[in-house]
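Written below as structure tokens is the structure these notes are about.
Labels for the chains are A, B, C, D and E, by order of writing; each one numbers its residues from 1.
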Amino acid sequence: LDDVSYGTNWLAQAEHGGFYQAVADGTYEKYGLKVTIVQGGPNAANRALLIAGKVDFYMGGQLGDMDGVKSGIPMVGVASIFQKDPQVLMAHPDQGIDSFADLAKADTIFMGNEGYTTYFEWMKKNYEGFKDEQYKPYTFNPAPFIADPKSAQQGYLTSEPYEIEKQAGWAPKVFLLADNGYSPYSTEITAMQKTIDEKPDVVQRFVDASIEGWYNYLYGDNTKANALIKKDNPEMTDGQIAYTIAKLKEYGIVVSGDAEDKGIGCMTDARYKTFFDEMVQIGVEPADLDYKKAYTTQFVCKKVGMDLKK
Amino acid sequence: MATPSSPSARPRRPLVVMENVSKQFSSGTLALSDMSLTVNAGEFVSLLGPSGCGKSTALRIIAGLGDASSGAIDWPASRINARGLPEGDISFVFQEPTLMPWQTVFGNVHLPLKLRGISKSAARSDILATLATVGLQDFADAYPRELSGGMKMRVSIARALVTKPKLLLMDEPFAALDEITRQKLNDDVLRLWHETGITVIFVTHSVYESAYLSNRIVVMKARPGRVHADMPLVTSLSRDAHYRTSEDYRQACETVSNALLEAIGSEEH
Amino acid sequence: MATPSSPSARPRRPLVVMENVSKQFSSGTLALSDMSLTVNAGEFVSLLGPSGCGKSTALRIIAGLGDASSGAIDWPASRINARGLPEGDISFVFQEPTLMPWQTVFGNVHLPLKLRGISKSAARSDILATLATVGLQDFADAYPRELSGGMKMRVSIARALVTKPKLLLMDEPFAALDEITRQKLNDDVLRLWHETGITVIFVTHSVYESAYLSNRIVVMKARPGRVHADMPLVTSLSRDAHYRTSEDYRQACETVSNALLEAIGSEEH
Amino acid sequence: MADTSRRPAPQMPHASNRGQKLLPIVIPMGVVAALILIWHVGVIISGVPPYILPSPLAVAGSLYKDWGTLAPALWVTTKITMASLALALIGGVAIAIFLVQSRWIEMAFAPITVILQVTPVVAIAPLILIYAPSTQVALLICAFLVAFFPILSNMVQGLKSVDHNLLNLFDLYGASRWQTLLYLKLPASLPYFMTGLRIGGGLALIAAVVAEFAAGSAGAGSGLAFRLLESQYRLNIPRLFAALFLLSCLGVVIFAITSFISWLALHRWHESSLKREN
Amino acid sequence: MADTSRRPAPQMPHASNRGQKLLPIVIPMGVVAALILIWHVGVIISGVPPYILPSPLAVAGSLYKDWGTLAPALWVTTKITMASLALALIGGVAIAIFLVQSRWIEMAFAPITVILQVTPVVAIAPLILIYAPSTQVALLICAFLVAFFPILSNMVQGLKSVDHNLLNLFDLYGASRWQTLLYLKLPASLPYFMTGLRIGGGLALIAAVVAEFAAGSAGAGSGLAFRLLESQYRLNIPRLFAALFLLSCLGVVIFAITSFISWLALHRWHESSLKREN
């Protein structure tokens, strides 16, 4: 067995379900891999660990990989489990904010740093009325948003809306950025170029096994994976897991677009370029960036595991 | 108990009365035990006694610094303020110089005046004059750390004198001074006492000094501290260089010495 | 310059030589100017002079504390160590008690022994004996803050004596003590000197004390400090109570007093 | 107009000593209890929703209910705090001793300690994580960086504030550098050190929290900081406040202990802990 | 075996005074320069990739290239630091004075200050954000919470360490509470205050950074902390180090200024800043 470690971007949760599934049901072992999942978390530095070679794969995103190329870091996305980034913006239901564009009417938008420097730039370029004054930092505590009806807040499709509804008793309006034009690849498997060059078969096996894991997780028996998730993250509840899986399916986060016919994880040059061009347009990435170094399609779109989808 | 001469004829009113004052420190040391002492207005009382007998403690209690464990301090003829001290001016020369290290000599002497709201410039001439009395006119701008031991003590004396107090408490003020300076300051204090009629309580180890300066000498006994002998000292001679060679003076010295020897002897054996 | 008697007949070898030592503090004060002084082994030298004339400064420079601005200190007969001090024991009684407030009296006296690696228990009897000499046997466990001014000074004296030093520097050690204790300690130091042949440099303001104790008296002049008179004091009498009433003593006192008056007079006018 | 008056001695100064001994515990508890009451009443009157500011009752409930997760987290945080305090003490004192060896050394190295101090831990945590052999070590390094400076600063000031006369005394008796340090400089700087300790104790706790934020591991072995962030993320505000409450308690306990140590070390001799008797 | 020796006086102690004056600036600069050189050589020899540890040259390049964004951020951070230091000074000293008024007050309120101190700012920042009238105010509150405690602690210890003899003197002369505070307690506690100031200076900078993390402003008005996180997120490691470098510089400058103030206030009289002359 080859030892492989995979650093995620958050605590164990259903959004990582496929990977846990592959660990739990022996798919990785079947592919000759012994996989350790390194949980992320608030402020966790798993990306730095990837760069330093302390983990083999990391749950990256398209923008991050392109930033890597810009900084001369040979990070390469080899698969994108999520076709749509689950990033959302939420608003209070009774404030007359009915479309994404209406968010410009909010007095305040609570966003993390990343959001502010990326999709908020994009929003300012592509929609009318967004301005810097709206930004306030989001520290992963939704209370200020709940307290201020004239505010909006970033969130993760599968998390914040659920918590807010549970706690505050009302369901926020949810706008998926991906459905409104901002759609980077997300929940990628990112590796260093060195790994790809030296152990392409390990990469291929990890990608394939993970994809299988995801099909099994979404469409098969995922109890063992959920048990593993709850073991890694004792706070996780069944309700939350069920909600997440439902939302993943409802919004086609994992299976939509290219993934429908080429399999989970699929990335295409055309779509990659589309997003890159958007970023160039809003000034986040330089036009002369050799963005093709940030990903490779050699490991995906091979219809692996599609037969598992029932 | 020997008295060198009969008590002074003119009646004096008591200024401060210590009544059966005892002082036990929290460490357990009984510094004073049932000490009673009445000091009359206008007296110059010297307090003598073996080292550690409680002289400083007694002085501090009179000044209202540190409460007595039992007994009381009375100021029969004075209106007393919230702190239990008489209105009007008390000055204290502590046994240690007790200067503020962050102030110059001038600033240190200015302190009691500053506390009364007198500005530096208004007090300037007074302060400089007092500094001249103690021979420190050239050191007004020096900091305490730049002074010798005797000079520090002289700053402390200047600080006590600058307010022209009505009651002057001095705890071995001249011990660190050379004899010439000491005699000069002896005479200065004596002149002040004569001219202004202030009351002085003066702790010293020098029998000669006490006999030269005071009109009453109190000798204390140690552990626990209490009054051993209380001797008025009356002489018709004026206190000057001649007095030091007079028979009155010699006799006074002898009496005090004997009382002191008694106080210590009765203690040690 | 008067000498009360001819210099001692038996030749002495110089222990320490101050050669044209000047000391200017960074504040600008010239404390010593071209001071030269040779102290022979086995001498008991008293240093007198007006307050602030540089006695303490001179003592400190001899002890290697604070460098001279110019001039040099020689130890002609001693092997000196890295710090420029002779091997063997020097003790210093500073003008201020200089006790460690966090140590008891016992701990403070123990210090110089501790620095030589002698443990508390090994030093115990020596320390208690020395404390008894200064009359503090009952206060071994007290902290400095619980002592009177004189008691603190006595602790400092005990600390200096406990090492049985070969050279003893004392800066007004007895100024804060009552006369009886002072005389007792005078005699103790004198006995020590006689019995062990140590060298003593002794700063005092008391002409009587200097005349009683020393076999050489140096009178300093002030601002800048330098030697004004250097007087050997030879007498055939042994130093005891009788000596104090002797003509030799009276004469010595007078000579010293005159020298002192001269030193101060020439200064002030 | 003479007005006879006397200042009587206070009666029985040592009476009711037993009761007095407990006051330093009873009074702060009372004040804290009062604060909690105000909080409670405030929440009820203002009607602020529990997900913004829960009532003390809700917090107590969460404390009880989640004790199973909070207690181990508290224990983890306590351990990190103690370890980082110990590190900060050793490091702070050692560096301080090194710095005061000479003016040159101080000039040369003081800026480096400042740089260590002001560099935001969150920013260099990834670097530390990469090079530290284990997360635990990385955590301790982070915590140390946060907590050592106050101890260092106080210690430097304390070591430099030694009475020059006593230094002379030690010089005179030929004390070695080491003896002067051990018998003079260290005891003399105790009042400063104790202040540093009191600051350092609180800061070590913060350091443990910050370190966990910055370099913390998740899951079973995580401390209060992580529980806190997690509760916040899950909008479990009562539990967030329960975690905050535990942190505060830990802080107060550390403060009480350090204050007590300080009292023990100083009450026999230093002005700051002495009753004025004369 | 006598061995004649002499201890000559040092020659010309006041010579080359001009050169000496500059040493406190030259030496630390030299040391920092040496460190940078070691860093540079280390990077080259070890071949560590620039995205883990950039060479000083790359950082300098970024500093030059991104000066346009970094300079305003530096200015913002400087302003917040100064404001929070000022707040911490005023607050710390005022609370310290309040606390030492009586043993009761100290017992009752010291725990509250500790609670304020140990409560992690990141955790209560949202609450502060909700109730503070503006982000700017929230920021200052956060920064204050981080920075005030060392100043408070040092000040309390300083105020309590006043020589009892001097207190007696002031009592004797009938000084009012206010006078005793102004003329005795405050000057006497300067050495402690100055230590607090030096710690507080560094901590105010950290506080500004933490506050910006927790409650910060964005965009044009954002400080170094934001730029730092942004660089980290965007993997622009040289710029991250450039921001760190600016933070360090700011910290060292603050330290130098506070040290100089401390020297100004103490060099005439306090042991810690005095040359030993006797």
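What to note about this one:
One rule holds for everything that comes next: a residue touches a chain if its C-beta (ideal position, glycine included) is under 8 Å from a C-beta of that chain, and two chains touch if they have at least 3 such contacts.
For each chain, UniProt lists the protein as follows: B, C = NitT/TauT family transport system ATP-binding protein; D, E = NitT/TauT family transport system permease protein.
Since the model is a prediction, treat every value here as computed from it, not as a measurement.
Minimum number of contact steps separating chain C from chain D: 1. With contact taken as defined at the outset, chain A and chain B are each touched by D, E. Most remote chain with respect to chain C, judged by CA-atom centres, is A. Mean C-alpha positions place chain A and chain C at a centre distance of 85 Å. Mean C-alpha positions place chain B and chain E at a centre distance of 49 Å. One finds 41 Å separating the Cα centroids of chain A and chain E. Under the contact definition stated at the top, the residues of chain A that touch 2 or more other chains are 52, 139, 141, 143, 147. Residues of chain E in contact with two or more other chains: 52, 122, 126-127, 130, 163, 168, 213, 229, 270, 274, 276, 278.
Residue positions 25, 56-57, 60, 64-66, 96, 143 of chain B each touch two or more of the other chains. Counting only pairs that meet the touch rule, the chains in contact are A-D, A-E, B-C, B-D, B-E, C-D, C-E, D-E. Contacts from chain D toward chain B in the complex involve residues 1-10, 13, 275-278. For chain B in complex with chain C, the touching residues are 25, 27, 29, 48-52, 55-57, 95-96, 135, 142-143, 146-151, 154, 171-172, 175-182, 205-207, 257, 260-261, 264. Across the interface of their complex, chain C is touched by residues 163, 165-166, 168-175, 179, 183-184, 187-188, 190, 268-270, 274 of chain D.
For chain E in complex with chain D, the residues that touch the partner chain are 23-24, 27-28, 30-32, 35, 52-53, 104, 107-112, 114-115, 117-120, 122-124, 126-127, 130, 149-150, 153-154, 157, 160-164, 167-168, 191-192, 194-195, 198-199, 202-203, 205-206, 209-210, 213, 225, 228-229, 232, 240, 243-244, 247-248, 250-252, 254-255, 259, 270-274, 276, 278. Note for the complex: chain C touches chain D at residues 60, 63-66, 81, 83, 85, 90-92, 94, 96, 98, 100-103, 111-112, 114-115, 143-145, 163.
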